[in-house]
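Take a look at the structure below.
Labels run A, B, C, D, E and F following the written order; every chain starts at residue 1.
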Amino acid sequence: MSLKVLGQQALPNIPWEDRPAGAPLPLWRYSNNPVIPRDLIPTSNSIFNSAVVPFDGRFAGVFRCDDWTRRMELHVGFSADGLSWQIKPEPLEFACDDAEIGRFVYGYDPRVVHIDERYYVTWCNWYHGPTIGVGWTDDFRTFHQGENAYLPFNRNGVLFPRKISGRFAMLSRPSDNGHTAFGDIFYSASPDLRFWGRPRHVMSPVANSWQSTKVGGGPVPIETTEGWLLVYHGVLTSCNGYVYSAGVALLDLDEPWKVVARSAPYVLSPQAPYECVGDVPNVVFPCAMLCDEPTGRLAIYYGAADTVTGLAFGYIDDLVDFAKDHSL
Amino acid sequence: MSLKVLGQQALPNIPWEDRPAGAPLPLWRYSNNPVIPRDLIPTSNSIFNSAVVPFDGRFAGVFRCDDWTRRMELHVGFSADGLSWQIKPEPLEFACDDAEIGRFVYGYDPRVVHIDERYYVTWCNWYHGPTIGVGWTDDFRTFHQGENAYLPFNRNGVLFPRKISGRFAMLSRPSDNGHTAFGDIFYSASPDLRFWGRPRHVMSPVANSWQSTKVGGGPVPIETTEGWLLVYHGVLTSCNGYVYSAGVALLDLDEPWKVVARSAPYVLSPQAPYECVGDVPNVVFPCAMLCDEPTGRLAIYYGAADTVTGLAFGYIDDLVDFAKDHSL
Amino acid sequence: MSLKVLGQQALPNIPWEDRPAGAPLPLWRYSNNPVIPRDLIPTSNSIFNSAVVPFDGRFAGVFRCDDWTRRMELHVGFSADGLSWQIKPEPLEFACDDAEIGRFVYGYDPRVVHIDERYYVTWCNWYHGPTIGVGWTDDFRTFHQGENAYLPFNRNGVLFPRKISGRFAMLSRPSDNGHTAFGDIFYSASPDLRFWGRPRHVMSPVANSWQSTKVGGGPVPIETTEGWLLVYHGVLTSCNGYVYSAGVALLDLDEPWKVVARSAPYVLSPQAPYECVGDVPNVVFPCAMLCDEPTGRLAIYYGAADTVTGLAFGYIDDLVDFAKDHSL
Amino acid sequence: MSLKVLGQQALPNIPWEDRPAGAPLPLWRYSNNPVIPRDLIPTSNSIFNSAVVPFDGRFAGVFRCDDWTRRMELHVGFSADGLSWQIKPEPLEFACDDAEIGRFVYGYDPRVVHIDERYYVTWCNWYHGPTIGVGWTDDFRTFHQGENAYLPFNRNGVLFPRKISGRFAMLSRPSDNGHTAFGDIFYSASPDLRFWGRPRHVMSPVANSWQSTKVGGGPVPIETTEGWLLVYHGVLTSCNGYVYSAGVALLDLDEPWKVVARSAPYVLSPQAPYECVGDVPNVVFPCAMLCDEPTGRLAIYYGAADTVTGLAFGYIDDLVDFAKDHSL
Amino acid sequence: MSLKVLGQQALPNIPWEDRPAGAPLPLWRYSNNPVIPRDLIPTSNSIFNSAVVPFDGRFAGVFRCDDWTRRMELHVGFSADGLSWQIKPEPLEFACDDAEIGRFVYGYDPRVVHIDERYYVTWCNWYHGPTIGVGWTDDFRTFHQGENAYLPFNRNGVLFPRKISGRFAMLSRPSDNGHTAFGDIFYSASPDLRFWGRPRHVMSPVANSWQSTKVGGGPVPIETTEGWLLVYHGVLTSCNGYVYSAGVALLDLDEPWKVVARSAPYVLSPQAPYECVGDVPNVVFPCAMLCDEPTGRLAIYYGAADTVTGLAFGYIDDLVDFAKDHSL
Amino acid sequence: MSLKVLGQQALPNIPWEDRPAGAPLPLWRYSNNPVIPRDLIPTSNSIFNSAVVPFDGRFAGVFRCDDWTRRMELHVGFSADGLSWQIKPEPLEFACDDAEIGRFVYGYDPRVVHIDERYYVTWCNWYHGPTIGVGWTDDFRTFHQGENAYLPFNRNGVLFPRKISGRFAMLSRPSDNGHTAFGDIFYSASPDLRFWGRPRHVMSPVANSWQSTKVGGGPVPIETTEGWLLVYHGVLTSCNGYVYSAGVALLDLDEPWKVVARSAPYVLSPQAPYECVGDVPNVVFPCAMLCDEPTGRLAIYYGAADTVTGLAFGYIDDLVDFAKDHSL
């Protein structure tokens, strides 16, 4: 395979374990999972669905930390090796010029992406319902908040790591104001991160499968010569509730609303105890993906059972092949 | 009262009947309602929730005509007096540069507004769910369609009749993909009718009232020295379903997401037989409002029972006073 | 039949029309229904589910008048003939020693009963959910409010017209906080109208009938030598919502939770246009019953379509016979 | 058109009115509808969804008569002209060899068909849930009941008027045990009316149309050289409940599970007052169809608002053409 | 007890472990459960709800293997000892004369039964909704598919191991098309496995118990002198979803719709970790039962948490006694 | 802190373990949990939500023991150390003068309280729906049952340990008749444990928190100089069902419906395996609390996963401080 990864750097300190014998799927779990326990900071009920990026020779991240009231907050953290994390015990605060927009009610499920020398944070932000908050930082110390990307109700806003056709580009999953029982991934674009338009449909759920109820974006997509590699979550409704698994797709480089390949099977589903048991049983929910360009190694951070953070490993060319070889 | 109406013209042929004795509310019904019957065109099941504007010395409009399959379509119509209408039997077709966007699945609940020498049409347009379609015409003969304003799921997109702070401005009611049981009015702005941003919350339902389930914009707001006059619909959920009534509010001229006044009572509720009986019982749903500037006369077109079109009359200063005198 | 009516007086001015030919059921409608239109007072949306008693040689009543906000209020009214009513335009206000209890959020579906020289009012009163408000008056000018009878959630509290075994006695229909889809009639007793106990089950819905979803008390029961005559409402759930009809039962005089007879058929169901069309289609809901002891004439006031007030006539011995002859 | 109607006889006394001017659809209503009022028999709440056949030079039928308890019963009736009916006040009773099967809990929505010198009745029969009851009569005096056709849950069982491929053939609509929110038409066959098999799918609901929630068979199909003419009902779910309309289809003569044509528009929808107002608003539900072979005249009996029986007229070749010309 | 087991053979190689001390119920778990792990074949997400029979001196079976798309498929497997299984990695394919019927959409929850020298397979088969697929094999190499047994919607079709009154006999659980919240067991009969009739009600859920929501057949019943021994599943709805347990009943030998005894307590409920944690928590679902006639030993295969296959042991006379001694 | 505990005694044998290092919250779990396993008595499916009090130098209790039918029963038990329990295998039986009231259908979630030399038991008792049963004992051998406290529907009735303002006082949580999705705590009073009145609202759920769906009382409150210490349960609805946690509040001593302090965080949430896995995953439900007055030690018994009984420890002054320091 002649796959080339674009826009990624060497990450010699990427967390890593070699593939164990007998692993049937292109991702395998970190043997010391959960990599982040629920109580890493003194007052957290759970730490999951969090975003990690390379930063200044080590790693930085924005973490979903629910506290003992089960209030959803974002916290900043740092790590030298991506395994051992120091998360600030006080919640992240955004500076915002507009008091109405900046009033933080709750935020969750962040993603962080590096675009043009700046780190952008998107998250599910309450503004008369869930919508997509947009912020940025240069140093992971001070954070600024801009306009919400859309009217409610929306979740899982994921920015692409570069402008496409000269515009910022975002995936999101329009929803309702509850435990939404439907959900497609859509694309939209913005000249300035303030005004959004050109909505395009990307993908729908697939009947009779692990992704039959709804689908939503996961980590920031990675650019490859085969297309944008998207890891995403899909939900099945059993008689006992939702089951969240993860799949993989390739999107067209220039028109990312066109799906090039999309694997029929999941690449990760809740099977480990810390994925099956917790505040919300049977959830794996990937939010961040590190890539070491020279080796193609991937480290994927995912929320497990809405309680702890798991880590999974794989090779980018295996994921791309899997999407193509098992495409719907 | 020193109310001045802004941005309106003289409409000597505005349809009109004087206020009947004993009418307790600031609006009264046309004595010959329904002004448009369900079968005005040969193949219509119903004609309602339609938009009318002054055009070339007479009146033009875009009409929601559901056909015998109950498929929702838009049709164009004309009238010299606003009472007797000629509606084209063939559905309106939009020219659109983007085939994916221009593929018409269904459309309903149009509004038409005149901004800067052009007529703009907004409607509830299906694109993987209901969202706001945006089109325009100069002559009510050829119509052009642009990008949908938002990601799904949205309904009741109502453009303001002029730019505000240099941008197009729209009210809408984010929803879900069914018979949505919630709904607030939001404001958003666009520099170019293609990219939308600056979402702001405008108003919510009011508990224990005719507007306790959801609220959405109605006709294009009218500018006055007291603020933007907004007639809107509100929904109450009885044990036998939704009841749609109409209320009136004043929005700040420069920051229309700020509510200056909002009448606690309805100004129109389903009480006439053609409002209580039909395809959807108990619905009045205003979509268009004509104003004769010299006299302050208003003629409001509204859908009745999702079956026919009704017409109601009033004076703009009475509506403004009512909103202020009975404000929540 | 040797039926004797107890505790009733002569009401020579009871409203009355003779039975029309062909009336198949023991109740028939007033030919000039609705006896009270929706707009009898200047600001009412609807007047229904209201209570009437003989008072001072004429009639007085407490009326449910929803206003133009659809807010539910109680109003006082008077009539010389029971047909033509003067209802006060301002809502009834209760004096209450306890500010928390006396804070009126909303009230509806009143019943009025005369016990031991005092008129008692019970109604569905919001206190962190619907419960039974209890008040009294001596003159229908000043009203006093006491403790709510129960914890939420409860509706249709109907006092018996005399103490039973030395205690006040009430029927009610425990419910939830929405459009409750279940409901039985229960009995409870109180030594002082402040503390309530001895809950007893009275009757349940009946499968495959007009009363299959829920049942609740109607007018104040009338004492007879055959038992307490109870007119009550029952609800059937069609695919298009609830249908409210009225039935008749006899309860044991000393232990009114024991059902002596209960008619399988309804005695009134929504068939007239003003019962089928209105704010809530297909509702007849009896709340008050006048009895002229010498003739056995009954005049029953009932809400129709949650919009207007209807009047029906009958003879008490016919109702008692009907309950017994068609008993479940 | 060279349409030939098969298996029908001359019915000189078929009820009939000529097509009124301006009728846009191939069916038109009897000017004196409802042809059967709700109270034709002394104790009926409603008479609707009933079946009529030619019998002995006049007409006989099995009628759904709900009584004052809203209990659903079947009654027998006769008419010389199909307009004026004598319905027996006492419910139809079936003789049945098996006491468990013959225990009548409730029955509704009958169809009657003449096959091989015998009249067969099918109806929705409760046996631990709704299923298809099967009975027969030679004289409309004594009726016999056999095995129910299927396991629960099923409704709208409609027999074909002759054996197909040597077997009895039935359409039905599998359902659940409530106000089923889904429903397709299926075909099945039986060698002996006791054992059923060869289930085949016939047709599904159609999105965004009057038949988007469920579809079910109506009158007994009529054989023509173009196929079996099927009039059927379809349901749309508005925010205020179900709306029942009627459509028309042609099924393959030998393999009736193959749809030859199916009209996209409805041929009858609830628009007349007696169809829009009643125990269940907005219902037209055809159950029986008479055909005068020499003229091709059709008389269709349908339930209106689950309250009364309506009558509509048309020509069979118009219906066949309509199905073909407006086919999905 | 003089119980005799009928129609069973000696199975010297039946899997077995002796009863552990302190086991309070008549079934006990295999100490090495789950006997079949979720990943026994290379691409399975889970293996559960599977059917096993003696075959040619060893054991054969049809297994529900959901793959990584969570698609439900059937696979064939063999074992010498009933503990160590070889399951074919490719899905079972049925030969079918009718292409429409033979089109496999999905299949699950198989049962296998030996009748008159042939092995019959029944399973939940999608045909416009779930229904009962019927197939057969002589050698577990080639499989044939016949007509589906019923119209949709149905599940848990279980054939009796011999004809009763000269006809094939089947238990099934009519359902709807989702996670059905109700369900009774019914009996029906067929002369030829193609046409089905004589529906009879067998048993309903029991209020306030482990079987309060629905009940369905489990393994093929075993004939005894006391009646047919039926192990079945029952479902309770907790606030967190369904809980599936197993019970035991005796059915009349000649009229199996008559329940002779039915144990009030469960005989197996989800308590082991692999029953409580998995794709659907809290499920035990028995599908197959082996019996060694000389000793009365039983080995019951059951799905656990919709993820793995468990094995439980018991003696047939203990189960029969339990049903009788603890009968409802 | 100058906290004084009132009305408690020395309990030298209170079960106890010292606080483990690193415990972040004021309660910690017993290291040998579950203190009562699900199968402590021979026929129990589960033992949880049970009440314990000091009695005669040791401990006595009323236990919720669901049996193998999942029927909910109450059982009596004794223990010398509060850790090792002897529970009677036969259910508790109440003597009751009124046969209708005394007919035991099911009972669950008991509380026991010592008031004026008598032990009172309250529990959720079925009487045409869940309501609050009231009983008493002097010796834990014979139990008497009085009137139910309220009309249905109610749960979690918790008596205060002394009269307040001369009356018995109870907290309860009005509900509906299913898995109620709402619930506030109310106070009411009784002069005689037979008649109840003076309903007062105490506390509501808190949005966006562990207690956002409903709240209900837990153990009998403990009187302190800072107010009544109330440990209560709160419920959050995840996409996979309810999560029950425990919080702490202080109520005014004389007017206990006034909340003095209420901790925003939980003090115990389901995190241990036996709390997350079981018949109802993710439940901690405290029902009883022992207090050793001299040391301020608390031992709290709580149901875990609706399956077993857990034990947690803490100091009363820590709980009081926590409620005050983290008050909403």
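Operating definition for what follows: a contact is a pair of C-beta atoms (placed from the backbone, for glycine too) under 8 Å apart; a residue touches a chain by one contact, two chains touch by 3 or more.
In this text, all values refer to a predicted model and were calculated from it rather than measured experimentally.
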Steps needed, at fewest, to go from chain A to chain F via touching chains: 1
Co-neighbours of chain F and chain B - touch as defined: A, C
Remotest chain, chain D as reference, centres from CA atoms: F
Chain A onto chain C, rotation angle from CA fit, given as a multiple of 5 degrees: 180
Copies chain F and chain E - interface residue numbers shared by over half, same or different: different
Mean-CA-position distance for chain D and chain C (Å): 42
Inter-chain centre distance, chain D versus chain F - centres from mean C-alpha coordinates, in Å: 59
CA centroid of chain A to CA centroid of chain D, Å: 55
Residues within chain D bordering two or more other chains: 240-241, 277, 281-282
Pairs of chains satisfying the touch condition: A-B, A-E, A-F, B-C, B-D, C-D, C-F, D-E, E-F
Complex interface listing, chain F residues touching chain C: 100, 127-129, 131, 147-154, 172, 174-177, 180, 182, 184, 186, 188-191, 194-201, 204
Interface residues, chain A side, partner chain E - complex: 24-25, 206, 208-210, 212, 236-241, 243, 245, 264-266, 269-271, 273, 276-277, 281-282
Chain F residues touching chain E - in the complex, by the definition given at the top: 38-39, 42-43, 45, 67-72, 105-106, 179, 240-242, 277-282, 306
